[in-house]
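Read from first to last, the chains carry the letters A, B and C; within each, the first residue is number 1.
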Amino acid sequence: MSAVMKKDAAISGKKPSAEVRHLVSDLFAEYAHRIDANELERWLELFTADADYRIVPRENVEQGMPGILIWCDSRNMLRDRIESYRHVNEYNLHWDRHVIGPARFVAHDADTWTVEASYVLAQTAQENGETRLFSVGLYRCEVRIEGDAALFSRVAVIADTGLVPTLLATPI
Amino acid sequence: MSAVMKKDAAISGKKPSAEVRHLVSDLFAEYAHRIDANELERWLELFTADADYRIVPRENVEQGMPGILIWCDSRNMLRDRIESYRHVNEYNLHWDRHVIGPARFVAHDADTWTVEASYVLAQTAQENGETRLFSVGLYRCEVRIEGDAALFSRVAVIADTGLVPTLLATPI
Amino acid sequence: MSAVMKKDAAISGKKPSAEVRHLVSDLFAEYAHRIDANELERWLELFTADADYRIVPRENVEQGMPGILIWCDSRNMLRDRIESYRHVNEYNLHWDRHVIGPARFVAHDADTWTVEASYVLAQTAQENGETRLFSVGLYRCEVRIEGDAALFSRVAVIADTGLVPTLLATPI
């Protein structure tokens, strides 16, 4: 976690260019869209091959305890997870809807930006159309930028809301 | 709906200029503000004369079924609706509050951008100050840009949350 | 409140430069982050020494009634409030999570921009991990820009949701 602990870039140090801001904004918008539209295979394309994706309870992060709800340390591992989800679930029983706040540019190292953004994830039951706050929290990400392309090399979902692992079928 | 089905501009193809991004961001901010401030007559000014505004349940969009909750195929028709709402309702019984996520630039054709954004709409009862999630969903929009002005030529509100038509007095 | 009543800059009049947009976006992102991370002393650093911070019920704003829930008319007064909060509360019993919508640039005067943004503030009880909508509303701000630095000289939190003053320990 050392990269995310660097001194805040937003306050002191190098600021992102307009191009980097747009790439990161587009990447978060695509991330949310592809989960919400249930395009999980295309969501995988937003990650580098060596990407690390994990969902961690905020409690564990703040107390320095281990405890990870989901951890995939490569895109292939994330793909396996999506594929097994597809085999088990023929029908999606809820709809996801993410609203993501403005990106916070935390640190910068060579071609990688550490970026955070808050999220609200609402789920709507398809059976009755009722919506509830499923999870709120923070994305702590590393975004690798090559030319005019940006991909996530790391996404840590730090979830404030308590999550029941068995209900965590799709990513957050 | 053909325009919105084009290949994603955010990933391949032409990207919006910084100017287009700012115009679209401002347009969404004004859209939310004017509904939330109950300035519905000024909200109309954000649309082209030939604009199409509709609210559609997500279920119907995904299953290719007809079923539209509200449909106005011109700004005049939308104006009529607002005016009749004003005659019926002397007092507003709730306050709206939209929070809109980052814009996703989907496609581009001449002077028109197809843009999507997720929304959360909370309503607060003025009687007791209680807030609830009234609707979450997606704006699928066409934004017509002329010089330094941007207007909506189409807004399809694709609502995840089930909506009772009689409670749909004001736009979403 | 005269400055915030000026004609909308977003529609007519001067528009913010890309640099101003980025500074304001970063400032809101930092504002949310520092409250949510319980870094309240660093949150103070986002204000000018003469800053005015207040939380006002939307009802009072709309009816032109006085009624302010919290009012600090300088950064020192805000610091006193944070310090006394720290002495009373050894443990934080909830986690805050803000999601802030796109900034709306309302007016401009010399080095100060009047800017608004909608917010959703979710609170999660640390005891059981349950999340609720604690407050939704609007930030009506004045942002003072000097060179490449931006600070809040005024934040009026206009809260739609009814708030119990005794529960208002931390800022919104």
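One rule holds in what follows: contacts are C-beta pairs under 8 Å (C-beta built on N, C-alpha and C of every residue); 3 or more make two chains touch, one makes a residue touch a chain.
Being a predicted model, the structure only gives us computed values, none of them experimental.
Peer 1: Line, ring, star, complete or other: which describes how these chains touch one another?
Peer 2: Contact map by chain: complete.
Peer 1: How big is the rotation relating subunit A to subunit B when the fit is done on Cα atoms? Please round to the nearest 5 degrees.
Peer 2: 120
Peer 1: Regarding the subunit A and subunit C pair, does the interface count as same (over half of residue numbers shared) or different (under half shared)?
Peer 2: Shared-number fraction below one half, so different.
Peer 1: Just give me the whole-number Å value for how far the CA centre of subunit A lies from that of subunit C.
Peer 2: 26
Peer 1: Of all the residues in subunit C, which ones touch at least 2 other chains?
Peer 2: In subunit C, the residues touching two or more other chains are 18, 99-102, 120, 133.
Peer 1: Mind pulling up the subunit B residues that touch subunit A in the complex?
Peer 2: Those in contact with subunit A are residues 8, 10-11, 15, 18, 21, 57-59, 99-105, 116, 118-120, 133, 135-138, 160-163.
Peer 1: For a test of understanding, state which residues of subunit C touch subunit A in their complex under the given definition.
Peer 2: It is residues 18, 22, 25-26, 28-30, 32-33, 36, 95, 97-102, 120, 122, 124, 126, 128-133, 148 of subunit C that touch subunit A.
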